[in-house]
Every structure is written in structure tokens, then in C-alpha cells.
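What follows is a pair of complexes built around chain A, which joins chain B in one and chain C in the other.
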Partner chain A sequence: MQKKNLSGYLFILPIVILFLIFIAYPIVYSFIISFYDWNGISIEKEFAGLSNYTALMHDPIMIKVLKNFFIFAFSTIIIQAILGLVFASFFMRRLKFSGFYRIIFYVPVVATPAIVGNIFSKIFETNRGYLNTILRAVGLDSLCQQWLADPKWALACIIFVNIWQWTGYSMLMYYANMLNISDELYEAATLDGANKFQQFYKITFPLLRGTHYTLFIMGMLGSLKCFDLPYVLTKGGPNYATEFFSTYIYKQSFNLFKQGRASAIVVVMFMIAMIITLVQLKLYYRNDKDKELAG
Partner chain B sequence: MKKRPICLLTIITVATITLLAACSTSDSASSTGETSSNETADTEEKNESSEEPVTTEEPVTITFQTWNPSEGEALTEIITVFEEQNPDIKINFVFMPYSDHVEKLKVDLASGQGPDIYGMQTGATINEFRDFEMDLTTYAQESWGNDWESGFVDFCMDLLNEDGHYYGLPLGLTYAGFAWADVNMLSEYDLEVPKTLEDLKYCSEILRENGQYPLAIGAKDDWINIDTWMSIANDINSEKLYSAIDGETSFTDADLIESFKIWQTLFTDGIVQDGALGVNVYTDTTDLFQSEGSIPMILNGSWNGGVYVSGDEAENRVFNSEGANHDVFLIDWNNDGKVNPIAGSVDVALCMNKDTENPEAAWKFLDFMLHEGQDILVNKYFYYCPSRTDLELNVEGMNEDGMENLNYILEQVENNLGGYREIAYADLKQSIADNLKALALVEITPEKAGEIIEAASQLQKR
Partner chain C sequence: MKNSLLFKIGGQIICLAATAVFLFPLILMLIRSFSGNGIQNYIRVFETIDLAPNFLTSIIVVFGTLLIVSLAASMSAFAFSKLEFPCKKVIYYTLLTGMMIPTSALIFPLFQIVRGLNLNNTPFSLILPYAALNCCTNLMMLKNFIDSLPNELMDAASIDGAGTAKIYTSIILPISIPGLAFVLIQTFLSAWNELQMAMIFINDTKIQPISVVPLRFIQTAGGQGFPVEVMYAALVICLTPIVLFYVFGSRFLISGLTQGAVKG
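After this line comes the complex of A and B, so read on.
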């Protein structure tokens, strides 16, 4: 019996080794480094206790980073989910050329964020950008803005581009899961006199619960890691108006050579990711018999 | 039966270990997509060092990594000439954009796989990498004699001197604080190249009225903001500027507050273009000025003169076509009758990896880069102004307009150098950059900016 158990463990050994080297070690190392004053280059590191964390607590930019994260996460997740649901519902009705439209909607997902950012920076440019040029051409000069240069608009622009890029993904997830809902449920509901809205509200939406949670978790984690779009479009500016965890970590590490401080931000980011995931898993499994995953 | 899973397990484990071993032994060249011949050369080179006596005459490979000069005709020419003169040394050139270059160096140097020679920015960066930089002082003395320092421009040696030791040597110099104008475009609107802040304001008004860009700045980049503010502060009071950077004068001093006020007026009075904080210098504004020739004025340094000989078709059309006329100019920001002094910097310093296995060959290449290499980079492609005192600026193929601008730059270098360009204190520099943006957005007053920067200056370790 013991031998059998042992061979079981041996089977998972390779993946455990890979996990320890490529996932656990960097996390633990970041955690250790967060207690040091280190430039990320020198051989010597100076133990700094909790000073990196104390500095973060007093750093006004961290407040902006947290605020931007929550605004970005909730607005992108909710709008993408609504648009994804709407488009998926349209495509379920077997419209003409729906396959073609699905592909078109999904194309931005596979585009490189850096290239998307570059294209949109041309669109949002104040003086000769396409957006303001079009607005002027149709006589809507008053709507022209300094899109990426104005702190009031810069974050909205990044949110817009992110929604443009990822709505296709939400749409596809919802579409794939809508296909799994049995037609019999809709037939029974029709016989019971339920209209289309009631069918959507009482059948489709609840049965897509798994997709809602998946998109929510992925959206939150994606927002935490968000780097490419803000970096290319605004470099986190103007004046930190679009600063995110990743862009701030990058600046601390590579512009200011504060690897210890950057690692402390990584740890904070990691803790937020853990809390979000735990809360969501708890909510997801709260009504299920299988509660093991939720702990 | 029980043996099967164990066999399978053994195979998986061996495969995993092999995979990991393969990862750990790959060298920096292979990870950057270098040719297999280089990898072979490296392997053989390592074998050479482990076997005694040396039995092979395979060339030594020196890896040179930098973001500047970029890959292209100039570097290809330099490497070809060097390899012809030194058949026993092969150069493996690795070009990286600046941020990737620093990122890769951090990892490669720490793991003992760093390049033999690498480019460094002066200021904070070169200091941070000190643990991996060879002291080049002895090499320089042995190769060029005890008086070798006099062979380089004084101010750049001051920048690189660390208590009599040199860990990087200057490949070329650049000067900031300039603006460039398309004279023909300005004259279309009956305007001349501005000389004072008032002129600049007037020019911008007229240009805006005609739907044209005023003075263009890529203010998303901190470096151009700092360059421009330093040119203003230099014009008002050079001594106070540099003594404030060194922590000896307060940033709340009236002259420095005045410099913040002038900086803010560039944005509040419409002197620079709308949305300036949303665009980079490269290539958002440079494309418009250099490649399209569609805007009249831009803030950029002496290096912009390279457009005359860049070989780029679009730039060639804008700068070398019949009648093209561009001026590099300085501004009298505070209306005292004198234009702003310029700020100089070592554009790129070459460092040698402390752990290089081939210091002699690496030095030979570094020496070549500072001499024949610099000759080519300066006088054929105008990447930089010379860092050597014996190198005369005489750029091949530069037209008359370009030479006039170059002479103007040299005249300013000779008579109107305010001080250094690169602020060596990372936190202070970041605070200045942040507050310049806050001023541009009118989120703070110049007085408040002075107070915040002064607070950062007092916390700065020097």
C-alpha cells in the first residue's frame, strides 16, 4: 500500500519540480527581495525589514494604482460581459454570415496589444488623430478632446481599447456555453408562456453562471497584470493617471532601480489576486455540493 | 506490471532534467537569436579555456550589446573594418532597445553570461551597474599613456571620473537644449526663427491661427521635459540649477521657481502643441518634422543633425532636397538678451564586463570603437559629437545647410555650455519629471512644484 502511494507521488514529481522552479521559486524570491534594499543589479543586498511596505503605504501613487485597477477591472469586465452576451445572443439566432461576424469580432483578441496600442495612439492623437479629425469633419469640434494627454480621458481611452480588444473573447465564451443549453428548456418555457426576455433572464443567464465567473476571474487577473496597453498608449501618464500595478513595478525596477520596492508591489498584487480568487471561488461553490474546491 | 510505471516515470524525469539542463546551458547569444556559428565559436572558446595548453587558433568572440548605436549600416561597417584588422577576434553584435538592454543586462551579468562590452547611460544607470564594470583606468594608461585623459573632452571625463577611476569611456557626446525649425515653412506665414520667449509665443499664435502646429514637444517622454526645463533653468541661472541638483541650493529658490513658471507657460499659453503630454518624441513628433516635413518647429537635441546623413529616403527628401532650409536654434527664455546655455552628456559610455573571459580582446575592440569606430559614427553618420579632442567634426556628405547647423552647435559647445545634462540621482530626477508634468497639466503651482522637488532632493542619497 505504501509503495503504491509512493509511486503515485513519483508520477507527479516532474510537474512538481517544474512548478517549484518556475512558479513557486519566483514568488518566494520576490517575497524575500521585498524585505531588502536592492537595486536589482548589485551583488550585495541590504536588509530593510518592512521599510518597502511602509513606503508603499505612504506612496500616493499606490492609491492611484489601486483606484485605476478597480475602475479598469469593473468597467471592462461588466461592459465586455454585457456586449459579449448581446453579441452571442445575436449569433445564436443563426443570422446570415454569423460565422463571418464571429470571426471579425474575435480578430482583435489575437492582435498583439502593443500593435493595438500603437494604432489607437494614432487614432487618439489630439491634432491630427483620426478621431478628432472625424469629429471636426462632421462639425462636432466641441467634442474634440486631448484624449491621451488629459488625465480625465486617458483612462477611459485605455478602457475603451481593452473592451474593443476583448469583447470578442467574452462573446465566444458565452456563445460556446449557450450552445450547451438544451433547447428543451426553451421549448418548455415557451409552452409555459415565457417570453424571450423571461427565457433569457430565467434560463440563459443563470445557466451561464460558470462563464460569468470564469470571465470575472480572468478579467480581474488580466486587469492586475495589465501592462501593454497603458505602457504603449500613455506610459502610465499623464502624471500617473493611467498607472497600473505592472507599469508601476516596471518603473520602480527599471527607472528607479528599486527592486525591493518593486517586489513589495508584486507581493501586494499577489495578495490581491489571491483574495479575489478565493472570494470568487467561495461564491461560485457556495450552493454546490462539491465544496472542496472552495475550501 | 509494476515496472511499467517506474520506467515511464524514469523517462519523464530524465526528460525533465534534460530540458532544464538545456535551459541552463544556453548562452546569451542563443537567447537573442544569434547565429549558430557564434554559438559554436563560444562553445569552442569555453573549451579552449578549460583545456591546457591552448591547441586551437579559432577566433575569440567578443559580444557587444548596446541600444546605441543601433544596428544598421554604420555598425556593420565598423565591425567589418575591425574584423579585417583583427582576424583573431569576431564581434557578436547584439542590438536591444534601451529598456530591453538594461533588463537583459541585469539578468545576464548576474548569471555570468553578460556581454563582454556593453553600452551604458551616464548618470544613475552606470553607477547602479558598478559591480559588473571593469575599471578601465589601467587599460587606458597602458594603451594611451599617463596623459590619456586629455585625449577626451574635459566635461565628459568629469562625468565618468569616479575618484580617479573610469568604469566607462565615452563613445560620443550629445548636447540638449536646442530646438529645430523649418525656415521655409515659417516664412510661409511671414515668420522668422524665434529668438525669445515672446517671439516663440507670437510664432505659435500665428501658426495656430493658420491651423499649423506651434512648437512641437513629445512631452510623454520625461527626458525631453527635463532637457527643456534645464535649458530654461540654465538660461536663468546655471549655477543655481546645478547646485540645486547637488543639494546645495533649494528648489524653492526664486530663480528655479521662475524656471518652473516659464515651463508652465509653454503649455498654458499654447506655445507647444495641444495634447503634447500624449505623444513621444520618437517617433510621434520626429516623424512629423523629419520624415513628413509637415510641422515647422520641434524641440530636440544636437543629435537631430543626423537626419542630414541618415540615408533614410523620407528624411533625405525633407532635409537634402533643393532649397531645404532648417535651423537649429536656442531661445532667450528670460529675456535677458542671452540665449539659453546648452547641456552636454555622454550619449553612450562603453563598459567592459568585469567577468569577461577575454579582457584583452574586449579592450582591443573598445579601443577601436573609441577611435576608428567613433570616426565613422561621427564623421560618416553623425550619430554624436566627438568625445575625443583630436577628432575634428567633418561629416561626409552633409549639405551646406547641415554644416551651418553643425557649426552653430559646435560654437555653442565652445562658448555656451551650461553644464551636464544627465541628472545622476534617480529619485530626484523622477520627482522633477513628475512635477514638470503636473505643472503642464496645471495640477500644481510652480511654488508647490519647487517644494515637492526640494523635499525629494533632501531625501535623495548623494
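After this line comes the complex of A and C, so read on.
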């Protein structure tokens, strides 16, 4: 028994070391730095107590960041889920060319975000952008916008690109879990006279509860992490209309050298991530199926 | 389960429209990359910028990450699944929180570590952080996969006198290849495409990974000697490896996602 204990620890040693150095240590470090006034470079740091946090509470940009986070999270999660469900149920009903569509719809998920952002920045460009050119060509000049340069539209554009990129993922998750639902349920429902819509509403949708949870959690965390698209498309602008936690932390750290402030935002973001994680664990413990965490 | 004609036609229309939307940006890029001077645009890319060091960095980063992930993740997944030791549950769930942590929360301290070790501006600055994050992300999936393998194999081997290490290398590792392959594909994609750490830890544009290179084009495109068509050609070149990878891996990736691999 003694030997067995030891060997178990040996097997997890590499991952534990990686975790401690590259994940746990940085979090602890940020917690500590968040109480200091520091530019991130000089040797001197000045203890600042809670001032970084009080400054955050009075920071109007932080309110924008929170607002953008929630708008972004809920709109992408809901729209991706609806599209994902529609496509997945097409595939379940063996629409022709399903295999082909599945592969195509998943392509954006694997495309490099910097390249995707680069192309979309050319599409949304105001003067010679393809979107406005197309709108003008079909005579809808009135619909032309400044897209990424207009605070009213910039966030919507980023949400659109995100949906474009991640719908394939939701689709595949739903499809994978629909395959697990027993055919007998549908046969029984058909015998009872339920139509396709009722079957979806009464059988498919409730039985996909685990997938809804997973996609919700992944979507919330993805929105918290969201960096690539806003960084490439708008750099957080115009006027902070597309500022997210990640881009704001980046600016504070690497452009303004306010490491204490940046760390305080990190701590806030980390707290949100932990709340999401706790919600998730609670949901899964209730079902006592931690396997569904992944799908 | 016959589909109605309305469903067939409506479904095809929706799916075709979606195909157009999903492919539009990529096809646009491809067509524009040939506009003007045709294949000359691609030759111009090779004349003006040398992407070989960038590809080399990406390749080193990705394969280094894959190597560490395949070892560390499979060893720990095996231990958490089949071995007993104190505090197993606590350690397991603590490690799982690793996948919840956004990169931005780690990036500055990681940068300090990397700089302290004199690794910045080398591919090695990215390998260990990527490996740590990907191990945590994939640990659960791999553990669930190994959970589904029968214990009898292990029991038989240990009756034959095989030690734990022997059981891991000669039994668990070979039969968990399907699960591991799926994990490695996911890791490949995430390490190849990662932007945030890559652009900060390697700021020497000559050797930046290919996921960061397109950022440069945004500033320079349209200027003298680097027209937009050439930029599109450069983007196509940057995207080609991952598309090829997807073309060959997609069958496996999608079947992995849909059949069991995720759910274990």
C-alpha cells in the first residue's frame, strides 16, 4: 500500500509541477502585486493597500468592460446555441450532405484568430470594406455604417465574428450528445402521435441539459478570455466600446505599465472565473456526473 | 422517419446559406490573393518576407508542447483513474480549475518567469506555459477515457508481476491512443493558433510564431511594396498548414468529438 501511494504521486508529479509554476504561482503573484503601486519594471514597489481596488470601483471604463462582457457572453452563447441546435438537428434527421456541412461549419473553429481578424477588418472597413461595397452595389447605401469605427456597431461586429468562428463548436457538441439519445424515445413518441416539433421540445431539448450547461460555462469563460478578436479588430476601441477584461489588462500592463492596477483587474477577473467554476461544479455535482463536464 | 420535401428544401437552403457565410471570408482571401498579378503575389511574399523562421518557431513550439502534454497528461490521467493515493480528489479538482483561468490572468507573471529564465524570444518560452494550460484542459477528458478501459487488463498484468510503470507503458498507453490522439489534435490547434502569449513572449518579429505574423500585415498592408493582394497571399500561406492539418485530421477530430472520446 505504501508503495502504491508513492507511485501515484510520481505519476502526477509532472502535471503538478507545471500547474504550480505556470498557473498557481502567477495567480498568487497577481494577488500580491494588486496591493502595490508598481510599473512592472523597476525594483522598487510601493505598498498601496486597497487603493488599486478603490480606483477600479471608480473607473468608468471598468463598467464598460463589465457591460461588454455580459452583452458579449449572453449574445454569443444564445445565438451560437440556437444555430448549433438547428444544424445539429438537421444532421440528426440525415439531411443530404450532412457530413460535408459538418466539416465546413467547423472550419472557422480551427482558423487562426489573427488571420480571421485580419480578413474581417478588411470586410468591415468603412471606405473600401467589402461589406459596405456590397451594400452600395445592391443599392442599400443607407445601411452602410462605419462598423468597427462606430461605437454603436463595433461590439456587434466582434460578436458577429465570434459567432462566425464558434458556431461550429456548439453544433458539434449538440450533435455529439444528440447521438446519445436513444431512438426508442422517439419511436415511442411517434406512436403516441407527437410531431417532430413536439419531439424536439419534449425529448431532445431537455435531454441535452448537460450540453446546455457545458456550452454556457464554456461561453462564459470564453467571453472572459476573449482577447484575439477585439485586439486584432479594434484594439478595444472606439472609445472603449469593445474593451474586454483581457484587452484592458493588456493595456494596463504593457502599454501604461500600471502593474498594480492590472493585477487588481486580474483578481476581479479571476474571482468571476471562480464563481463560474463553482456554479459549474454545483450543477454537475447535483447530477453526480462529472463526466458530462466535457460534453 | 421520412423527411418532408419542405424540410429537405428548407434545410438545404439554410445550410447552403450558412456555408456561404462560413466560407465567404476564406474564399474572399483566396480570390483576392490572386487578383492583379496572379501567382506573382505569392512570389512577392517570398521575396519580401522570410516566413521560414516563423514557421520553424511555430513547429518547435507545437511539437514541444505536444511532447510534454502527451507525457504529463496521460501519466496523470492514468494515476487519477486507476491508482489510489491520499488527497486524490482534491488534487484532481484543483488541477481542473487550471482550464478555467484566462490567459490574461497569468500573462504578466509568466512573462516575468520567462524573462527571469532568459527564455524570452525563444520558442521555449511558450512551450511550458502552453503545456501547463493544455494539460489541465485535457486532463478530464483523458481521465474519463481511461476510466472506461476495463480494470481486468491491469489486474491480469499485475498478477503477472508487472509494476505500475510497466502497466502504464505497456497497457494503458497503447490502448489509450484514440483518446490521446484526440487530445493531441486539440492541443495542436490551440498551441498553433495562440496569440496573446506568443506576441508578448516573443517580440522579435523575425521569429514570431505564425499565429502572430498576420498582425504585422495589418499595419504594413497597402503601403509601398506590400499591396493588399500580396498581404492576402501572405495570409493564405500562413493559414495553409492549419487547413491541411484540418483536412487530414477533421475526420478524426469530428468523430472523436461525436463518438465517445469526449464523453469517455
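Just so we're on the same page, the second predicted complex is superposed on the first by the 265 of 295 C-alpha atoms of A that agree within 3 Å, B and C clash if a C-alpha of one lies under 4 Å from a C-alpha of the other, contacts with A are read in each partner's own complex, and residues count from 1 in each chain.
Simple rule for what comes next: a contact is a pair of C-beta atoms (placed from the backbone, for glycine too) under 8 Å apart; a residue touches a chain by one contact, two chains touch by 3 or more.
Values in this document were obtained by computation on a predicted structure and should not be read as measured data.
Annotation: superposed three-chain arrangement on chain A; chain B versus chain C shows a clash. With both structures placed on the common chain, the touch criterion links A:Gly40 to chain B and to chain C.
Of the two partner chains placed around the shared chain by superposition, neither chain B nor chain C is touched by A:Ile181.
Legend: residue contacts after superposition of the two complexes on their common chain; A:Asn118 is shown touching chain C, with no touch to chain B.
Legend: residue contacts after superposition of the two complexes on their common chain; A:Ile71 is shown touching neither chain B nor chain C. In the superposition on chain A, contact is made by A:Phe254 with both chain B and chain C. Which of chain B and chain C touches more residues of chain A is settled by the count: it is C. Look at A:Ala156: by the touch rule set out above, it reaches neither chain B nor chain C. In the overlay built on the shared chain, the residue A:Ala189 is in contact with neither chain B nor chain C. Contact with chain C, but none with chain B, is seen for A:Ser30 once the two complexes are overlaid on the shared chain. Once chain A of one complex is fitted onto chain A of the other, the partner contacts of A:Pro14 extend to both chain B and chain C. Note on the superposed arrangement: chain C collides with the chain B stretch 94-102, while the other options among 58-66, 94-102, 148-156 or 256-264 stay free of clashes. Chain A residues in contact with chain B (one complex) as well as with chain C (other complex) are 7, 11, 14, 18, 21, 40, 121, 254.
The residues of chain C lying in touch with chain A in their complex are 1, 3, 7-8, 11-12, 14-15, 18-19, 21-23, 25-26, 28-29, 68, 71-73, 75-76, 78-80, 83-86, 88, 91, 93-98, 100-110, 112-113, 128-129, 131-133, 135-136, 139-141, 144, 147, 163-165, 168, 189, 192-193, 195-196, 200, 210-215, 217-218, 228, 231, 235, 238-239, 242-243, 245-246, 250, 253-254, 257-259, 262-264. Interface residues of chain B facing chain A in the complex, by the touch rule stated above, are 2, 5-6, 9, 12-13, 15-16, 20, 99, 102-103, 106, 109-110, 124-125, 128-132, 213, 219-220, 273-279, 284, 288, 426-427, 430, 434, 437-438, 440-441, 443.
The residues of chain A lying in touch with chain C in their complex are 4-5, 7-9, 11-12, 14-16, 18-19, 21-23, 25-27, 29-30, 40, 83, 86-87, 90, 93-97, 101-108, 110-123, 130, 164, 167-168, 172-173, 175-177, 179-180, 221, 224-225, 227-228, 231-232, 245-246, 249-250, 253-254, 259, 262-263, 266, 269-270, 273-274, 276-277, 281, 290-295. Those residues of chain A that touch chain B in the complex are listed here as 7, 10-11, 13-14, 17-18, 21, 39-44, 121, 124-128, 146-151, 154, 234-235, 237-240, 254-257.
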